[in-house]
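Scroll down for the structure; my scribbles are underneath it.
Per-chain residue numbering starts at 1, and chain names A, B, C and D are given in the order in which the chains are listed.
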Amino acid sequence: MTENIKKVAVFTSGGDSPGMNAAIRSVVRTCAYKNIECVAIYRGYQGMIDGDFKQMNARSVNNIINKGGTILKSARCEEFRTEKGRKKAYDQLKKEGIDAFVVIGGNGSFAGAVKFNREYDFPVMGIPGTIDNDILGTSFTIGFDTAINTVVDVIDKIRDTASSHNRLFFVEVMGRDVGHIALNAGVGAGAEEILIPEQNLGLERLLDSLKRSKKSGKSSSIVIVAEGDKIGKNVFELKEYVEEHLPIYDVRVSVLGHMQRGGNPTCFDRVLASRMGVRAVEALIEGKSNYMVGIRDNKLVLTPIEEAIKAHTEIDMELLRVSDIMTT
Amino acid sequence: MTENIKKVAVFTSGGDSPGMNAAIRSVVRTCAYKNIECVAIYRGYQGMIDGDFKQMNARSVNNIINKGGTILKSARCEEFRTEKGRKKAYDQLKKEGIDAFVVIGGNGSFAGAVKFNREYDFPVMGIPGTIDNDILGTSFTIGFDTAINTVVDVIDKIRDTASSHNRLFFVEVMGRDVGHIALNAGVGAGAEEILIPEQNLGLERLLDSLKRSKKSGKSSSIVIVAEGDKIGKNVFELKEYVEEHLPIYDVRVSVLGHMQRGGNPTCFDRVLASRMGVRAVEALIEGKSNYMVGIRDNKLVLTPIEEAIKAHTEIDMELLRVSDIMTT
Amino acid sequence: MTENIKKVAVFTSGGDSPGMNAAIRSVVRTCAYKNIECVAIYRGYQGMIDGDFKQMNARSVNNIINKGGTILKSARCEEFRTEKGRKKAYDQLKKEGIDAFVVIGGNGSFAGAVKFNREYDFPVMGIPGTIDNDILGTSFTIGFDTAINTVVDVIDKIRDTASSHNRLFFVEVMGRDVGHIALNAGVGAGAEEILIPEQNLGLERLLDSLKRSKKSGKSSSIVIVAEGDKIGKNVFELKEYVEEHLPIYDVRVSVLGHMQRGGNPTCFDRVLASRMGVRAVEALIEGKSNYMVGIRDNKLVLTPIEEAIKAHTEIDMELLRVSDIMTT
Amino acid sequence: MTENIKKVAVFTSGGDSPGMNAAIRSVVRTCAYKNIECVAIYRGYQGMIDGDFKQMNARSVNNIINKGGTILKSARCEEFRTEKGRKKAYDQLKKEGIDAFVVIGGNGSFAGAVKFNREYDFPVMGIPGTIDNDILGTSFTIGFDTAINTVVDVIDKIRDTASSHNRLFFVEVMGRDVGHIALNAGVGAGAEEILIPEQNLGLERLLDSLKRSKKSGKSSSIVIVAEGDKIGKNVFELKEYVEEHLPIYDVRVSVLGHMQRGGNPTCFDRVLASRMGVRAVEALIEGKSNYMVGIRDNKLVLTPIEEAIKAHTEIDMELLRVSDIMTT
């Protein structure tokens, strides 16, 4: 236990995700509980550079646990990628008397923290907040569970109208590099096919599968397509391709887009965020730095941030197999 | 009261809408209550031509009141537009001993019923089922209330992420000819601007409004755009235009699409559908034909179908004004 | 048009209802639009007596349209029932320079406003905010639509487990004096029976209906009971009675309680509240006083508050009949 | 891999939970995929005794993944507790040519399976379906995630009205023996106190905490109480106690009851159920018997059923601590 940490800053960075507010609340209240000062930084690294700070207490975070988005705003910040920008940020933190910070965000945000820590030996702690669930060192990131439920809710609605008209829908979901949302929401929504960045099943297989689905008497077909699907066609191109090669379907397209980032967080994300916030502050108090808080087998674990951002988490091959069997 | 109606057919036609199942259930149960036979026709007019019929009883419609889509499927049918097609349909109805039908659908479906009624003097009754709320003779169509709630829920989610990043969103909602969904959901979601087919506010006004909104300190802006907005640009073109002429915003686009047709119906739509189904069957029993059941001032009223399909309902000018004031 | 109204106060009073925030927002923004000052009063009449005021501008009501409850809090206030209390309230309003107020609430709150207006000739305007939908002069009160959807959502859930176990549920919903929630939500949820304060169907009929329902092959039965049901038994007593007289059912009870007052308002309630807020402020500006804003046949209308509070709205007999037919 | 398993039965037993249908679907489709026959048994062990069987194929389970409850019904069965009852059940299974069964349920249902397996050496496999999350050998049971989200949604609504009136609510949630729902939903909903069966904090501490909460300026307080809370008072008694000893609060009570068992399953529960169903059938094919499928660290694992039902899972002490810190 060090006596060095008397004032902790917290901020959100990069794309927002549901549950970020619950994480902010947890960091703020844990500081209050531990009699440490807490300062919020608005607009991520940009606000750090601009000195956009606000003193927080336990009451500052009332009634935010159930809100989507982030009350601290988020932003991408080019200036922080420069040495000069980081110097400004450091000076602002010092001026304010801040001893450490907790960054809530994804890979890009963590990379900035690592660099900053290296240059200024400044204590930093990461909390994984992103809907993509693509960060090594944790089974779940904050926001993923909410996002897959949002996608499943929408596809349940699309299924209503698809079944009523015997239609085929291509539904694009988020995931440029990883297919976790597509795979989980696809299995949850009972999708007929799931196209992800990690695997190229080929167009032939897609056509075969759609033919089989039609023949088996299904009243509708829904194909989930991750943004970065490896088949190399977006949903509009897929529509055209199928209309040309398999004219038995009335094909429609839906791009879910940014709604996937919003919405009230699920209980899972709120609890996860609450737990991670506590651990982040406690780890700083214990004198630890440069770690990310993760969860594994329902236990909180610390992973060196450098490790966490080395690669994306891999797709669950067993779940891919389940997905295949379910579309029998 | 006539003794002529002993067997009534019911079907859904055209685009599906939430609450159609509640209307089907109501027609079926009212027939059972009145000791009249009820036959369901699958896939609208196409199923009528194909003789795709099913005998229904009160239990056939258990547990469907809360389901989106239509258990009877829907389809557009070119063949019914021909004399020959309608002749086939008539023969099928006669063969089955059907004395009258209730059609649940929109303008196009009603037009078919009118023609059929004229040619064969066959008793028909219409129930307005469409999310567009564009049918004369009724303040509300079945599905409209659910659709505007779906849109508002999605925009609430988009608002979360828009506020977190100080973004401007163009959100496209359904409505090729009428702006009822856009206007109501726009007011409900607190949209900064609403572009509808009925009114061309001009691009200048849009830019002015967005400038004012930014200046007034709003953390995000959401512009609802009906598919058929009169400004003549779709959401992608609007994005480009604003990026060029007002580069103070980070602009995003979202096209809501078919999810607006699905989802569990709201209580309002379920009650409306239940009431209309009863009235439709009772009107047929009373010997009436060629009417549409509507609701006005919370009372059920009958309008000649010909009247109902003459034009679209007009936009509510008072609500347009409210929308303007709310974006102060 | 009078020049007298330069500063308007707004507050919520009595039981809260979803959409009150949308109404507050509308009053505040309409004032801003009309260049009138607007003051919020916290905790209803109690806050008026205590001078718990806050100056509002258009930005004060950002991001509240979609929130349940009331940001201005609500309270019942004994002191305002006394002459002395009302004198204090008047003095506070005068001190603050307030020329008129808009009260958002139900019958009790309106009665206070009427008395106050009579004693001090102070301009008042009412907006009906209550989930009970029991106020004369308006087809809908703010919050009713949200409440019936909340009830229907819960009963949909209860139906899942009821069907899985062939159970009978008695579900108590709000409504001491009026059965609007019970009747509408009951029809919307497909309830087998609906017990309301307006009508005593008798226990015999209930038993008969339950027997018939069982015999007809239904897998579950749900009976909606308004708090003030005329049959004179609460849900627990009904359970005992049925277990004794009709032991073919496994009977359960659920009391929905206060959750019916909360939740994000539906689009309908948000739009209704937005419209009523505009009309309330405009009516005050026009020199009108002592009216309640209502909606009839989708048009805003003004009713003298004295008229509005004379009696409860009557139950819709046609909907009662629909309810009967639907349980065939 | 044995050649013995050619026909597998599946059924649900005990209290229903959301996601059971997804598990049924998974078992049925995995059998289809593996070219094994699949038979559904209605009403659990009672249906087994009565021979209430139905042949299933991949299409029999269309459109059920998103439905709450169980399409196979569930029931408690006294007869199966007798030797004679189990003999009847065995004879029915043999007559139908069934080689193994998959039981979806909780502790009680598993105990029956263990006994049956011992007596007849009949291959059985368990899938944990219960909202209580109290079964050893798995981090999550099917239905738990949905239940905690249902509770959190309701408490979010109650919070709206509680904050509007500065009220204290005691909310009773399910959990006679274990506090998992109370603890997780309590943290997720930001409850001020959480009373569970595993720990008696004492009434003094509750009063102190409520006093502190009031003093700290919170506008409402919500206390979650598990049915079997160790403090020994139910929510109505707690209300009385607090009203007597701490008259600064306006206290209300809400008993959530059976709605906690229903509702559309979350994506998490659908995916979990899909995975477990596959593993259950595959384990039977591999010649395994008398196991329960569980999930640990996101991997499927098999635990001998005897182990699984030995005790309840323990409460997460770290989460209890988080709960404490969050109420600062």
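Keep in mind that, in the parts below, a residue touches a chain if its C-beta (ideal position, glycine included) is under 8 Å from a C-beta of that chain, and two chains touch if they have at least 3 such contacts.
Keep in mind that this is a model prediction, so the values were computed, not measured.
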Identify the chains adjacent to both subunit B and subunit C in the sense defined at the top.
-> none
For subunit A and subunit C, let me know how many angstrom lie between their CA-based centres, rounded off.
-> 39
Averaging only over C-alpha atoms, locate the centres of subunit A and subunit B and give their separation in whole Å.
-> 36
For subunit A paired with subunit D, centre-to-centre distance based on mean C-alpha positions, whole Å = 28
Expected list for subunit B, residues touching two or more other chains, is 156, 159, 163, 219
Have a look at which chains touch which and call the overall pattern line, ring, star, complete or other.
-> ring
Pairs of chains that touch, anyone?
-> A-B, A-D, B-C, C-D
Quick one: which bits of subunit A touch subunit B in the complex? Just the residue numbers, please.
-> 12, 16, 18, 67-70, 73-75, 150, 154, 156-166, 169, 219, 252-255, 257-259, 261-263
Subunit B residues touching subunit C - in the complex, by the definition given at the top = 25-26, 29-30, 32-33, 58-59, 62-63, 65-66, 139, 145, 148-149, 151-152, 156, 159, 163, 184-185, 187-190, 216-219, 264, 266-268, 270-271, 274-275, 278, 296-300, 316, 318-319, 321-322, 325-326, 328
